[in-house]
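Next up: some structures, all given as structure tokens.
Here come two complexes built around chain A, the first alongside chain B, the second alongside chain C.
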Partner chain A sequence: MIGYVVQRILLSLLISAVAMVALFAMVRMIPGDPVTLMLGARATPEAIARLNAQMGLDQPVITQIGLWFSRIFSGDLGVDIWSQRPVVDVVLEALPPTLALTLAGIGWAAALGIPLGCYSALRPGTFTDQALSVVSVGAISIPPFVLAIYCLLFFSVRLGWFPVLGAGEDGDLADQIWHLVLPAFAVGLGWVGYLARLVRGSMIEAMGENHVRTARAMGLPPHRIVVTYALRLAIVPTVTMLGISIGGLLSSAVLVENVFSRPGLGTLIADAAQGRNYPVVQGGVLAAVLLFAIAMPISDLVIAWLDPRVRKSL
Partner chain B sequence: MFASLSDFARRDPLGFIGLMLVTMILFAGLFGNWLAPYAPSKIDVPSRLLAPSWEHLMGTDKLGRDVFSRILAGSALALQIGVVTVGLSVVIGTVLGLIAGYGPRWLDSILLLIFDTTYSFPTVILGLALVTLFGPSTTTLMGLVMLFLIPAYARLVRSSTLAAKGADYVLALRSMGASSGRILGIHILPNVIGPVIIVACMDVPAIIALEAGLTYLGLGVPPPAPSWGRILEEGTGSIREAPWIVVAGGLPIILATLGFTFLGESLRDRLDPKRKGRA
Partner chain C sequence: MSRDVASIEGLSVAFGRPPTQVLALRSVSLTLRAGQITGIVGESGSGKSTLALALIGLLPQAARVTEGAIRIGNQNIAGLPEARLRAIRGARVSMVFQDPMTALSPSRTIGGHLLDAQHRDRASGRSALRTRAIEVLRKVGVPDPAAQLDRYPHQLSGGMRQRVAIAMALLGRPELLIADEITTALDVTLEAQILHLLRELRSEIDGAILFISHNLGAIAEICDQVAVFYAGELVEEGPVRDIFHSPLHPYTRALRDCDPARIEGAARHLPSIPGETPVVRAPPTGCIFAPRCSLATELCRTKVPVWAAIAEGRGVRCHLAVSKT
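Now for the complex of A and B:
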């Protein structure tokens, strides 16, 4: 068990390290001279020399990689080219709204999708089951950012029920939640369908397992069987999927953020990418990779906790 | 198999709808430029932001361009990105998967680690980084998509190759002295390609949506190409005065996704013997 956990954490560390080197290589691979590109053709030689030294571009490559790593570990990701603020601050500021959006999106999707999946699994082949499965495919088929634009059009612009842009006033929790409703709906709807289908499939399988059949034979009430015994098993593929899909979730959050002009990691990276603000792109992507590297081993641990057979085999 | 189209429609209505939608999109992609009532990039300022009418089925945008013609022109681009890149990824991914599944253990471990890492990476964010590097272009976009798809297909082929490797017919071929290339190409390949084709069919719309999304952010296909993502992006700018632009821009993406998904599921139910008889 401990060996397995260590192995997964090592893998996450390896992914993070590879990503760091790749991000380093990114700036090196920019066609042409990155400093001239960033400062424009009319920059003074002094400004160019200063930025060169600031980014360590006047040192040999190996030294630069070493420097880059030591800078990351000391929490120094460079300076935002436009605002001249430390990139770490800029990224840390953008992180909470993105996390809130991602968690709210997946949260309501799980709260609705998992019960729907169980409901279908208990009556396979009936009209309700088939109707739910068609609706699920429909929900999966609408790309989150298209859904976001439609929501923006109907609920914000036409009906005026929800705010059009931003994340709400600082410190005003109700206002922030108000701003979160539509984006979270757009991020999560596809996941409702997805989770419902996934849970339905594994639930049907779990209901046939020996211990669940024993529980039924012993006359336990159905809701107890489903929640205590079957769901615990049926939820495993869902947790695996969620661990793997954190990347996809972040990707859709990036797009939805842009539709609603919400501050966040996505808006930050997209704006920086358009303006060739390399240090911010590096910092933002690194933050996304780290989130992903943390989520993977956590989902592994949850699975081991849920399914005793997995725990024993480790 | 179904005797006729009407029989197909009755027995598998969703699959039939999928087939119709996909045919429609392919048709629009291939002949869109002839069917378009106006030149997709023709600017006509006096007739800007006109609501949908018989003259302009989906209205006009801020520059007076006919939205319906732009949507038709955009389908060629969407298909190019969706179908061509998915096709290329299937070829490369299959070859890598065969190598990983049939080759030595250490090679398998290394390839598997690479597949897993790239597969679960946040695509759009990786895309943003790549686009910053190489600048927005159709080639960058196609490269990004392939980077994401190849490991997924390779993984799939790898696991079925591993299963086939131990099968009796492969052992028999090996004992008769068949070369690895012959075993893989002539005997294992036909047995492992089916699932990949099905998954690939369902991936086409995801890629179309990804293209639209990145173009929406200004990081996909550069202007003036009439991508569905650009129509949405420009439409969001005039969402108050001309809501029909975003409605029209989003519809083809949803229809394409529904079409390819229904068709893919129908194919899977047909080709996968394990799922026969299950809803």
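Now for the complex of A and C:
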């Protein structure tokens, strides 16, 4: 098991390292001279030279890669071309709203998907179960940004239940949460179906387990049996799935951010890419990759918490 | 004679629908009395677990009670709705299952299980429940009981887990304790310890114990009364002495004459009787044991033998045995 954990951490590190090299290569693979592209055709030679030096583009490639890694590890991702602020600061500012949106999206998906899955599992094969499975597949196939637009039009513009755009007042937590509800719903809904299907399958299996029979033989009420004895283990595959799918969740969040004009990694990367602000693009993508890389070890920890047999062997 | 705790009266249970149905129990009558251990013995598939589940109101969805009554005290629980059955389980009737390795939830501590087993006594407060859990753990022979409460099932041996399961069953103060092959998965030493424990509990709980086993040796050791099942029928019942010293049914006799060493270790199928237990899908037209019975006559193949009560708690289902007595 120790071996397994080390393996997972090494995998995370490998993913991160590959991403760093890829990001390094990205700027070099853009046709034409990146500096000229960034600064525009009419930049002065001094400005071009300064930016070249700033980005280390005047060095040999190997040196550049070495430099790039050593800078990343010392927390230096370069400087935002527009604001001249350190990219690290810019990215760290954009991270919390995206994280909040992703987690709230998972929250919605779990809050709807887990009960639906349980409900189906307790009456497999009935009309309700089959109807729910059709709805689940339907929910899976709606692209999140389309859903975001419809949510926005209907709940915010038409009904006025939720704010239309933005992330809410700084420092006003209630307002921020209020602004989060609808975009998170748009991120999460597509996952409700996946979760419901997955939970249904593992719940049906769990309800047939011997320890659930023991719980029934004690005369425990059904909700206690489902939650304490069946669901706790039945949820493990779902946590694994969420850990693996964090990339997909992040990209839904990034798309939805744009629809709702929320600040965040998505908006940051999109704006920077459009403006050829490559250090910020690099920093933003790197942050997303790191999130992706730590999601799996985190889901492993959650599983160890859910299932003590795994904990023992950690 | 002591108080009747539970009784089965002419019970028939079927799984599924014709033509693929299984008639798992057919016209079974049995009475369980306070202060007694009743043993049930029979080959795999003879309906022992089905009977146990019927008594605790846990028959699977596929099961149908086609006739008869299941009485706990004076109440017939056959066909009661789920909510009413739940009130019986873990309170008037408790059950310990075969496999101690899977019978407890891997994500719940021993203490959690023992608290849940007392869920009807929640009003007395956590610390009182905890004290009682420790007390019962000690009674079933778990060493250092307080320390076990925070442990998880996988940290305990099979024998300890089975003791915990027995403790859980006792915490509901049941009138009827069902033990369905609880020693089958244990080695011989542990089995002897658990049998000894059951024997102690017999006088301690104010109720009946139903002990299901493949192991005739175990049955002989701890039971007062024995019921022999074959292919869904009760073929013979009697006090343990009579069953072993003067069996009436050819099947009981064959069972007894098997080399005990070969029965031990949970023989799924008894080697000294040629043939196998049939799966009964339609009402039989003769004695269900006839194909394997060395004494079978024409009568046996054409007429179903009826249950003949010879004395209180003594009876047999066999043409030949009845004509002899």
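Annotations
One rule holds in what follows: the second predicted complex is superposed on the first by the 285 of 314 C-alpha atoms of A that agree within 3 Å, B and C clash if a C-alpha of one lies under 4 Å from a C-alpha of the other, contacts with A are read in each partner's own complex, and residues count from 1 in each chain.
Going forward, a residue touches a chain if its C-beta (ideal position, glycine included) is under 8 Å from a C-beta of that chain, and two chains touch if they have at least 3 such contacts.
As the structure is a computational prediction, the values presented were derived from the model and not from experiment.
In the superposition on chain A, A:R232 contacts chain C only, with no contact to chain B. In the superposition on chain A, A:Q84 makes contact with neither chain B nor chain C.
Taking chain B and chain C in turn and counting the residues of chain A each one touches, the greater count comes from B. Touch criterion met: A:S133 reaches chain B, while chain C stays clear of it. In the superposition on chain A, A:P124 makes contact with chain B only, while chain C stays out of contact range.
The residues of chain A shared by its contacts with chain B and with chain C come to none at all. On the side of chain A, the complex with chain C involves touching residues 209-221, 224, 228-229, 232-233, 306-309, 312. The touching residues of chain B, when paired with chain A in their complex, are 14, 113, 117, 119-126, 128-129, 131-134, 205, 209, 212-213, 216-219, 232, 235-236, 239-240, 243, 246-247, 250, 253-254, 257-258, 261-262, 265, 279.
Partner chain A is touched in their complex by these residues of chain C: 56, 58, 86-91, 94-95, 97, 99, 102-108, 112, 116-117, 119-120, 152, 154-155, 165, 168, 172. Residues 11, 15, 18, 23, 26, 29-31, 124-125, 129-130, 133-134, 137-138, 140-143, 145-146, 149-150, 152-153, 157-158, 244-248, 250-252, 254-255, 258-259, 266, 269-270, 272-274, 276, 278, 281, 284-285, 288-289, 292, 296 of chain A touch chain B in their complex.
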